[in-house]
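Sending over a structure as structure tokens; questions will come in a sec.
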Amino acid sequence: MSILNLSNILEIYLAIAALLFGIGVYGMLYQRTLIGMLISSELILAGASLNFMAFSRFLAPDPTTGQIFTLFIMGVAAAEAAIALSIIIAVYRNYKSIDTEDVAGLQG
Amino acid sequence: MGKESLQSAIIRFAPLDKLLDLGRANSLWPMTFGLACCAIEMMATGAARFDLARFGAEVFRPSPRQCDVMIVAGTISKKMAPAVQTLYDQMPEPKWVIAMGNCAISGGPFVFEGQYGIVEGADKLFPVDVFIPGCPPRPEALIEGILELEEKVTGHRRWPRVEAV
Amino acid sequence: MNDLARSQNQETFVLNLGPQHPATHGVLRVKLTMDGEYVVHAEPVLGYVHRMHEKMGENRTWAQFMPNTARLDYLGALSYNHGYVKVVEQAMGIEVPERAEYLRVITVELNRIASHLLWYGAFVLDLGGFTPLLYAFDDREHVLDLLESVTGSRLTFCYFRFGGLYNDVDDNFVGGARAFIKRLRRRLPDYHNLVTKNIILIKRLKDVGVLSAEMCRKYGATGPVLRGSGVDYDVRRNEPYSVYPELDFEVPVYGEGDSMARYMVRMDEIEQCMRIVEQALDKLPEGPVVAEKVPKILKPPPGDYYSAVEAARGTFGIRIVSDGTNTPYRMKLRSPTFSNLSLFGEASRGMLLPDALALMGSLDLVIPEIDR
Amino acid sequence: MISLFTAEGLAGLVFLFIVAVTIGGALIAVNSIRLPRAITGLAISFVGVAGLYYFLNSPFVAVMEMLIYVGAVCVTIVFAIMLADPGDEQRVGRRSAIGAPVAFGVGALLFWGLALLGINTMWPAAAARVSDGSVKDIGHSLVTTYGMVFELISLVLLLAIIGSLVLARAGRSKS
Amino acid sequence: MSGYFKELFGGTKSLAVGLGITIKYMVKPVVTVQYPHETLVMTPRFRGHIELVGNEETGAPNCVVCGMCQKACPSNCISLAGEKPEGAKKKILTSYILDFTKCSLCGLCVESCKFEAIAFSRDYNLAGPRKDAYVFDLKKRLEEKSG
Amino acid sequence: MILSEPWRLLVFVAGIIAFIALNAAYLVWLERKVAGHIQRRIGPKEVGPFGLLQPLADGIKLMSKQLLVPKGVDPLLFKVAPLLVLVPAVMSFVTIPFSEKLVARNIDIGLLMIFAFASVNVMGLLLGGWGSNNKYAVISAARAVSQNVAYEIPMLITVVTMIMLTHTMNLNEIVIQQAGGVWNWHIFANPLMPIAFLIFFICSLAETNRAPFDLGEAESELIAGFHTEYSGMGFGVFFMGEYANIIIGCGLATILFLGGWQCPFGILPGWWWFLAKVYFLIFCVMWIRWTYPRTTLWGLLNLSWKILIPFSLLILLLTGAMIKVWPLITGAS
Amino acid sequence: MLDELKNEFASLVPVPLIETDYRFKGYHLDVEVGPDQVVAAAELLDRRGFFLEAITGVDWLGKAPLSNQPEVEAGEAGEGGGAGKAEAATAPPTDKMEVVYDYNRTVGELCRVAVRCRLDRANPELPTVSRLIPGANWHERETHDFFGIIFSGHPDLSPLLLPEDADFHPLRKDFKA
């Protein structure tokens, strides 16, 4: 197995997907701003989609299935981004901060 | 000025220097920057009758970052002087200054004893490369000023000299 | 300019237009408080070309102040020449020969055409159209050629003298002026087709920057700005001077008060200027161009005198105070754009940035005249 | 052994580069203090993911990834940052000290677990293909097998539009 | 609705008319005077900086050093000096310096001169790298001109 | 089997970059000449014959100009942004068929790919404006993006109409369908297509931030827009990207509507015709720029929502009807 | 019209109200008011549709204000200025500042009114009219710039034409740069 042949191995994609997922989770916990968390969540979604795509490419009898799932994830992600951002802006308007802790504090 | 500092950065290589100078001299982009009366003549120079574009110098850029030459066209008041200085500082090297009109050269007709409002000449603020006297100078004089500046950059003059008759 | 400093209220921010900004026609600074692209508050900051004209008036003799008047409003220098010689002649009781008065009117109106042409170009440039500026300049060059052939300069004319003119004109000038008017008559339809009727321009100017007549009165706005708001006032007709009473012209008035109305007033004024010049050329009498009894050293009787003329931008008023010596004691220059601009702060409230700049362009600013 | 100077070799090299871009972008995205920078990282990472999709025989999804994520989602987020910028100085030093190691631990643990799971599982070999996954096939399945989901997604998007409009407008009228 | 279509058609037409005008001017000849290669002729009244006028025969300046021009000048750009040689009737000009960088080209000096000793020059395209080049020694210029 | 011809691709990419650079340079020259003659002046003339060396001089000058990174900006964003504008433009060229053979990568979804890369371009503008730490640049970037997003809708609807008509997203395929005489071009495919072409053209003007939709660079309002703070080559790269985008917009219009490299008379090779058509459209773009004043953002959005989108939807609907319903009525297969 | 105006002014101010020779002076009515009547005069004129053309100051350092003497004006119309000068010389010098408001109107018969107000040079202060006439705002600021005259109640008297940090008043006769 050559290092140049990695693109044909399912496990590599799974590992990358896992890494993206892990980075996303790390970001979710690490970032303190709502937008930062949104960015991390996009990474998590990207990891999940990559899994779908990889399985679809290597295992599924019908390769369209994974692609369609990914497309759906994109649609949901776009909707999620739009909603999340309008929430963020609304929150910001009300509390003049997008820091998660500030929001929590002000609610009480 | 301006040239020296750049030359130290680039390895001295005569043909290259010459090429760079040629490029710069033929692509002098002025700043959209008029202070007073002379600015109108500056606009007239860019207009159809005189057409500064023939020398590639009609690209008036409104942002100092993209300009090569600052045509100080008009009276610099003391209130304006810091802003003019800032604009000059914001221009990237190599840069040149043309003082157009008597006000920019020496304060012109607005100099009198006890004046409180104007800077007596652009060269009090920063080095000036070409002076164009007149109140205001005719557009031909501004073109002549651009040609003078090209001569200064490249070291020789490509265009015939026109003697006034 | 480089810091993104936000004001106290987080929703708004301060945008500093100028002092060097393409839209301000020179060096005017406007502090804009913006909410997004909406102007919340606009505060013009003046004085960047303050050239001490009023102080210089006190330091120079009456005759020596002449070149200064040309540099106040360099686009309509002859109107200012006219205002100044008029007030001094009024104080001294100098009678000006008729030919000189006719020539004054002709040159002033030609100068007004040049000024309006430049405004037309610059205004469309503010709105993003570049080509009309160059067409206007093309025509303007012809006026300037004419004026240069009599006055010797292209911009800062210093042509009028107390009691008359610097020198007489020749037949070439008369013929040239007629030819120019013919040429401009041919060109104006192109201007209108290219710009006035353009849907983009109409959309940008119609109902934008509406100034009410009352607002103009409160701020002392004059000239095309006032006439664009439906007030029929023109110094040339309401307070006749020179030979204007003998000439037949209309004062264009538009009632809408929006930028389009101000635009139309100026465009119509170009046509009226051409009518005036034509009539004046027809009626141009023979005779001397300088009054005979003009004292060598002027010493107007003590007292203060006021006089106003209609400059291209509005009423140019000049108040002189003489103490009977050969230098003015006080010289107050009332420039029209100073008052016209002062309403910008109130008028631009709540407007979009491009619309506010269109409004500013339609006020026809010449900054050195404001700053003096 | 594949030589570097064949088509496949070059493709392999490009693949490695794309993986690096993906991971690097993701790391920039989560580690940046400045949000605009984080967004740039995210965009870079998405471009990388699009490249991976391309390698997975799906140029269509790759292009859609660019179109939707880079062109729409990232731009929307930048807009949100512009509208609600907390300013850099405000955020520096406000990160709790325990947060970072814990977050790193959780992330690393998840990665380790998932990767192990993925690599150690014996995946069944690919069954016989019923289609080759071309755009035509995707379109076909979208309106046949997955028709219902397709409709649902459009509903979700519609709701998202209305919802964000309502939210944004509510904030606006208040100010 | 009819307003909508009216505006749409009217607007489109106005845009087309605008394009027609620019293309019309595009095919017309240019009006540029290509300055260094060709140039406009200055009008006889063109005001350049002032120049001393010499006697046509002798070449000596007409100036009688009365100082009227100096007094008339609003911006003090003229400074002249003269001396009265032994036995001569008139003062003779020794130096006539014009600081053109302060001049406003108002023409008051020429107007004030009763002896037609100064006139406007035709220099319309002055430009140069040195500021002091525009402090003219007019007497020297006159001498150079007359040979 | 993925990258079957990497070397060919590399050569093409190099060629495209050279093409873009040369084109950008000479389009600037052309623009200045066109502007000059429209305004009855000459334009660049003295530098080389007909001013042909003018772009060279400008290029040399821009390259030797000091690159200023103003204080207070994020250097990474500031430097990446121009590339984000240029690189997608280069990538878009990969799928554009200059002639039947002269195409870097004949991808089945080429049309979609161009739009995907065009959307990255938006990101470049946004980051350039945001990264400059200059209010004018930020406003300009926001404007440019809202305009791009607004005009993507009618543009994509028009493109969908085209896809319905052609049944393919492969650009070369689309051109091949238009073989034959001029009447086979898609612009004459049905009576609605000229309007569709107009909509597409207007949208591509707006997408490339050209006058009268150049709100992002509105000189009289926003100094120089999102590239206010860029000097030297940073500005040059923005410029190149902009002109590359113009070529792509006009090229796409040519491919979709004007028969791409198809020649109506059978003389001269295909790429010649393609370029001739593209340059004609580019001339129109310049002609428009030097004729009209600028719109405002609201005027722009009004145009998009009130005129372009309804019309493009109508065309989509009618075209769909024509394709599906018409055969049913006439009984043809 | 002019008479009505004169009557109204007469009820407002007891002191000199001069109808001037328009052809010679350029304005019709010359009213002198005290600092406390400036606003009332503005109100009166504003009600009658006048607009403010300009505000200006005159510094009469060591001189008697000239233009206020009816004899001079009546006697000198259209002539040279010998007698007026003599008149001025005889008046005792007083250190005064003067603020002149030029009113004009756009409707009806032409009528220019100059309202002037004398102030003590040591303490030049008078109420602002900018609340009534917003256009006066800049004129007053400018007058403050040039003469240091304080318009009490003015919203912002920071320098308008002079640099922001200027603390000099250049049109005062004792100003030295």
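The chains carry the letters A, B, C, D, E, F and G, assigned in the order they are written, with residues numbered from 1 in each.
Keep in mind that, in the parts below, a contact is a pair of C-beta atoms (placed from the backbone, for glycine too) under 8 Å apart; a residue touches a chain by one contact, two chains touch by 3 or more.
Every value quoted in this text rests on a predicted model; they were computed, and no experiment measured them.
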Touch-network distance, subunit A to subunit E, counted in steps: 3
Maximum centroid distance from subunit B, chain identifier (CA atoms): A
Euclidean distance of C-alpha centroids - subunit D vs subunit E, Å: 69
Centroid spacing, where centroids are CA-atom means, of subunit C and subunit D in whole angstrom: 61
Separation of mean Cα positions, subunit D and subunit A [Å, integer]: 6
Subunit A and subunit B: spacing of chain centres that average the CA atoms, whole Å: 55
Shared interface positions of subunit C, touching two or more other chains: 21-22, 47, 50, 52, 55, 60, 67-68, 71, 131, 134-135, 138, 156, 194-195, 198, 200, 371
Overlap residues in subunit F, where contacts from two or more other chains coincide: 2, 36, 38-42, 45, 70, 138, 219, 223, 290-292
Sequence positions of subunit G contacting 2 or more other chains: 162-163, 170
Partner subunit F, residues of subunit B touching it in the complex: 6, 10, 19-20, 22-27, 32, 47-48, 51, 53-56, 58, 61-63, 65-66, 68, 90, 92-94, 158-159
In the complex with subunit B, residue positions of subunit F that touch it: 32, 36, 39-47, 51, 53-54, 56-62, 64-68, 70, 219, 223-224, 227-232, 235
Subunit B - residues contacting subunit E, complex: 48-51, 54, 99, 102, 105-109, 111-112, 121, 123, 128-135, 137-145, 147-148, 152, 159-162, 164-165
Touching residues on subunit A, where the partner in the complex is subunit D: 2-7, 10-11, 13-33, 35-36, 38-40, 42-43, 46, 49-50, 53-54, 56-65, 67-68, 70-72, 74-83, 85-90, 92-94, 97-99
Sites on subunit C touched by subunit F in the complex: 1-4, 13, 15, 21-23, 37, 124-131, 134-135, 138, 194-195, 198, 200-201, 203-204, 352-355, 357, 361
